[in-house]
Amino acid sequence: MTVKNSLTPLEAQITRIEEMTSIEKLFYLKLIDLNTVKEFHYTPGQFLEVSIPGVGEAPISICDVQREHGRLQLCIRKVGRVTNAIHRLKKGDRLWIRGPYGNGFPMNLMENHDLLLIAGGLGIAPLRSVLQYALLHRNSYGSITVMYGVKCYSMMLFREEFLKLFREGDKLNVKFLLAYEDSDDFQCYQLSCERSDRCMSGLVTKLIESTAITPDNTYAVVCGPPIMYKFVVKELTQRGFTPAQIYMTMERRMKCGVGKCGHCITGSSNSIKYVCKDGPVFTYWDALKTRGLM
Amino acid sequence: MTKTLIIDELTRVEGHGGITVIIDGERVKDVKMNIFEGPRFFESIIKTVYYDKVPDIMRRICAICTASHSLASIRAIEHAFNLQVSDQTQILRDLLIHGETIESHALHVFLLALPDYLGYPDALKMASEHFNTVKAALELKKAGNIIHNILSGREVHGMNERVGGFSKLPSERKLENIREEMLKVKRTAELSVEMLAQTEPPLNINSKNIFMALNPGEKYGFIGDEILISDGSAHHINDYLKIVKEHTVNYSTAKISTYKNQPFMVGALARILLNRNKLEGTAKSMFKKYHTLIREVNPLSNNLAQAIELVHSVERAASLVDELLGRGLREERLPSVNIKDARGVGAVEAPRGILYHDYTFDKSGCIVQCNVITPTAQNIANIEKNYREVVEALIHEEDDKIKFNLELISRAYDPCISCSTHVIRVKN
Amino acid sequence: MYKKLFKEDLEQFTSTLKQFGSIYGPVKKTSRGCEFTELTDFKDLQLNYTRTMIPPKKFFLKPKEPLYSLNKDAGFKEIIDDSKTVLLGVHSCDINALNLLDRVYLNQFPDLHYKTRRENTIIIGVSCEPDDYCFCTSTGSSHALKGFDLFLHEISDSYIVRVGSMKGFQIITQNKHIIKNPSLTDIKEFKEYEAERLSKITLNLNVNGIQDILDLSFDHAVWQENADICFGCGSCNLVCPTCRCYDVIDYLKLDLKNGLKVRRWDSCMLKQHALVAGGLNFRPTRVERLYNRFNCKMSCSEDSLNCVGCGRCTVYCPADINFVEVLKQVRED
Amino acid sequence: MTETENNLKPRIGVFSLTGCAGDQLMILNLEDTLIELLSKFDIKSFQEASSYSENTNLDIAFVEGSVSTEHDLKTLKNIREKSSLLIAIGDCAVNGCVQAMRNKQTSIAERMIDVYGVEDNIYKTFEPKGVGEYVKVDFEIPGCPIEKEEALNALISLLNGDAPLIPDYPVCVECKLNGYPCVIIEEGKPCLGPIITAGCDARCPGLGLDCVGCRGPIKGETNAKAELEALRKRGYADKYIINRLRFFAGNFDDIQILGVKENSKGDK
């Protein structure tokens, strides 16, 4: 029986692996089937369901901007069955993907606005695609501020890339700020000596407190561990951001990615949301309306 | 000079046991089969349990003889409450116990004992040179398990056999499955007899043994209410306590079972010797052909007796299926039980020999007193007697050789130590 | 379009359905009632039944079904069950529930397994035998407007047959010799029978504005009271005709190369339903899960509730948690 | 087979403490795949199946049986020390199984008297517990006995380098997936399915029987009080229900509590 099933995973090859931290690796993938390559478009904030046959599937955000057709990058933390199995793979190995799924960030809507990107830990992965997109279409966006909270230097993702931005971002009108939790971390301390206004010890919220941001004409984009949202949103609303100006991407258990398996359903009877298809990107306004989303 | 031979852990047996032998010069001072299986106190924990789930707990005394335990338990309950079961139930129970025998004997004969005869540490190593034999043996074992699975609901600790009958009847198609399986493995069962008959037993001893087995009725089988003894006497199972005496003897500190102060033997060899005239078909002719090899004085003959039972059970299972299908399966509801304060004894020939369950209930149907005697507990005295004989005969040999032969003896009995809830050593 | 079929012709009618696939219908299985079972003998068919435990969703979203055969080198190959099936004797509530499932499974990303099963199945509805647990009039699902090929409305000696699809029309045409047109008296009887059926549905749940009430009653004591006696066993979800959560599991064979991707029904009452890596659970307690389930059922998708009032979750809850009762307590009316 | 091939295989041992050896037997009951399966491991110890045994470091140790004696405990600690992964197989090793049903209810001395007529704790027996009470357990495969398919899948997962998948939902789920009539609802039978870990494919309800709970209550999710209530409502006496809840859950706090309370009630 020849049927085309849009939910059947596609074959992809790993063209490169970068070890980023002790638990995170960056995977460069290339789709194998040329026919699907042409149809494969993704926007920042969308995610894939990544399969290892015989082990299972996991939703993973695409962490770069689409440049070449059929190529993409995933930053994956090993935490369980599937992600461990992915981490066992080597360059040249194959895995299977389907997607892209989810709404992604409203890059068009945000055009001609300043961007404030706030990320904690692995949350930088989807935001990196937003950043890359904005840099790729540099003239369509205003100033860009990135606030990134890490545990310590060794847990910082995309280190080289971001250190370059940290030092030379101003040329691109990008302000890159770093907060680190481990106050004894020597390398981070050196960075804070280098630019005390751009790197400080503490949580990511500290960066918001100590930076001048004007909410007018700005969109805030947030991603990080669930507890981070509450504090960040509090800071932002105090600064005058309206709930519609704050975008965030959410995580839930997912088995399908397309609004069928029911695991990511959140809310109360007045507003039910599927994180996979109504999100994973939501505004703070959505979160206010939908019980339990945040 | 005294020396002590110790086998820490018997392998290829069910449960945990070891052997200690103390030799004083030319004399065997003490032999012990050590049981370090922790006691599980089934007779105690079962107290106050309502009769309906008693078999579900008690069958967990043992994995390999789980059906024997549950049927002994069920029969004890039925005897206490005067419950009659239908012919159909009896046939199904027979079939179930044949399944258990096939599974257990196939495992023991081929995978646990035969490696001794052929000189391998285990069946897997044996498989490298006798691949087809091991594969066939596994199929035979599986055939037994299929019966068990279909009738009991699972290979180990099934649940379908209940007080009064079966919860759910097997479908006709499944029964036919059983028959097909039996035909498929018949040849392997026969092979087990031939292989053992053609290989000189690795040990030959001369020991005077007393045998005990249940009287299965007209056909060779494993369920009965009468105990037959090789001295010619017969007794009702209700009198089992008068026959199987548990007491202390002077050469050991063990509380062990004896009959008239003598150790005795239960199991396949006892059954074959006491019920030989009930064998039928291929098993009967094979018994005739090899009966000289089945020596009452050598407990290793137990293996050959098991093999012949394998042949018998495979054939008998197929004919029981025919009988069931011939009569047509009837849907029967489990009968209601009139509980009362009463005592009941149930006995079944487990693969390793007679198994007794003895319960006393209060008027609300809950257990107040329970006693279980497993075949291995009964055999221990005889096993130790054999140890002594072997060590005496080999007293000048290397320790390793003595140890090897002690293990051979143990394994010949197919001991099921996990079963032996009743065996205990009282320290000096 | 309405036709008429005499009850005495039903057997013959049923036999002509065989060409459309294996026929499944309600067959008595337990003291409580019937289950959809393959009809090997017409005599087993029991059209006047109250409810099955497992709803007909089991034919479309199977309790356990292999989705793909998988191979580490070659990837995934769909396993599609395209066998043809006729479901005879489906009630309105269950038809409405299937229509709800369609919205989920046939939307932007259609589920091929579901879709194939749906396309290969003929649904013949039948009027129901309500009992004290039915409240479909409250949920607006006492009548099926679409989602069936034929619907048999029972009257005294015959059925008024409503034709719901082209396939249904084809069946009618093929059975021309036994299919009649309803007479005026038939129509009168139809009205009486319908009124009688509706009058038996006495349980009433006021769903108007229930969404606001639920949203505002997050802290209501009734949730904790019921969570205390709830097992979190998931039965309520699994028997619900509109619940459709599933889990997917990959199985590998011993060769470590080939395997199966299998899906099975899941339930939001189970502990791991909202658990993510690292041990974070978005609904860690039974109260939250219970609240979530009631909210999900009472939420609206495209203006219809996610509950069709079939009463199953109440009947089959081992803790005797009564769905309507709980909502009434929340409503406090 | 060459040495190097053997070196790549996971070194495993199968050990048993106090129990019925049924879980080892269930592995041996995988007749169809047994030879292939065992050939994928480098078996260093398998007491029931082999005389060969090596006291060496292991990649994976499978332990069945409960810890009931000092001997058990010593063996267990030794196994833990030399094994990278320790997997408890079977209800004995996971929860203590039926021999634990009287824990905190009757003393060992009482049990000794009942069975052997002496009070002395000759065996240095203590209340049977699962191995997790004493050492770190990496995975648990529940069941009395373990389900062979589940065990096979767990072994395959381990061979593939993955964590085994063990259900953490109740038997009711599998009962419903199979469409078995619910024996509580239809017949008022005292089924423990709502609180017992699934994985058996609802064997008992499939045979028309009430689940006796052989796979043990679901850890952290067992509503024992609700079960007590549900069965009371159906006419069962407390003594009956509590005995039954204890069969495979003698070590569960919330079930022990039920027992204690009811006993003291009975005393009055």
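All chains are identified by letter, namely A, B, C and D, in their written order; residue positions are counted from 1 within each chain.
One rule holds in what follows: a contact is a pair of C-beta atoms (placed from the backbone, for glycine too) under 8 Å apart; a residue touches a chain by one contact, two chains touch by 3 or more.
Treat the numbers as computed from the prediction; the structure is a model and nothing was measured.
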item: Identity of the most central chain, Cα criterion; value: D
item: Which of A-C and A-D has more C-beta contact pairs; value: A-C
item: CA centroid of subunit A to CA centroid of subunit D, Å; value: 43
item: Separation of mean Cα positions, subunit C and subunit A [Å, integer]; value: 39
item: Distance from subunit B to subunit A - Cα centre to Cα centre, in angstrom; value: 65
item: Whole-Å gap between the CA centroids of subunit C and subunit D; value: 37
item: Multi-chain contact sites of subunit C, meaning residues that touch two or more partners; value: 249, 251-252, 256
item: Residues of subunit A whose C-beta touches two or more other chains; value: 54-55, 80
item: Multi-chain contact sites of subunit D, meaning residues that touch two or more partners; value: 160, 165
item: Touching pairs - complete list by chain label; value: A-C, A-D, B-D, C-D
item: Contacting residues of subunit D [partner subunit B, same complex]; value: 16-23, 25-26, 28-29, 31-32, 34-35, 38-39, 43, 46-53, 66, 68-69, 71-72, 97-99, 101-102, 106, 110-112, 114-116, 118, 122-123, 125, 128, 144-145, 148, 203-204, 206-209, 212, 214, 239-240, 243-244, 247
item: Partner subunit D, residues of subunit A touching it in the complex; value: 54-55, 80-81, 84-85, 88
item: Residues of subunit C defined as touching subunit A within the complex; value: 68, 70-73, 75-76, 78, 80, 82, 104-105, 107-112, 116, 210-212, 214-215, 218, 243-252, 256-257, 259, 261, 266, 268, 273-278, 280, 282-283, 288, 291-292, 294-296, 298-301
item: Subunit D residues touching subunit A - in the complex, by the definition given at the top; value: 160-163, 165
item: Of subunit A, residues touching subunit C in the complex; value: 1, 3, 5-9, 11, 51-57, 79-80, 83, 94, 96, 226, 251-253, 255-256, 258-263, 265-270, 272, 277, 291-292
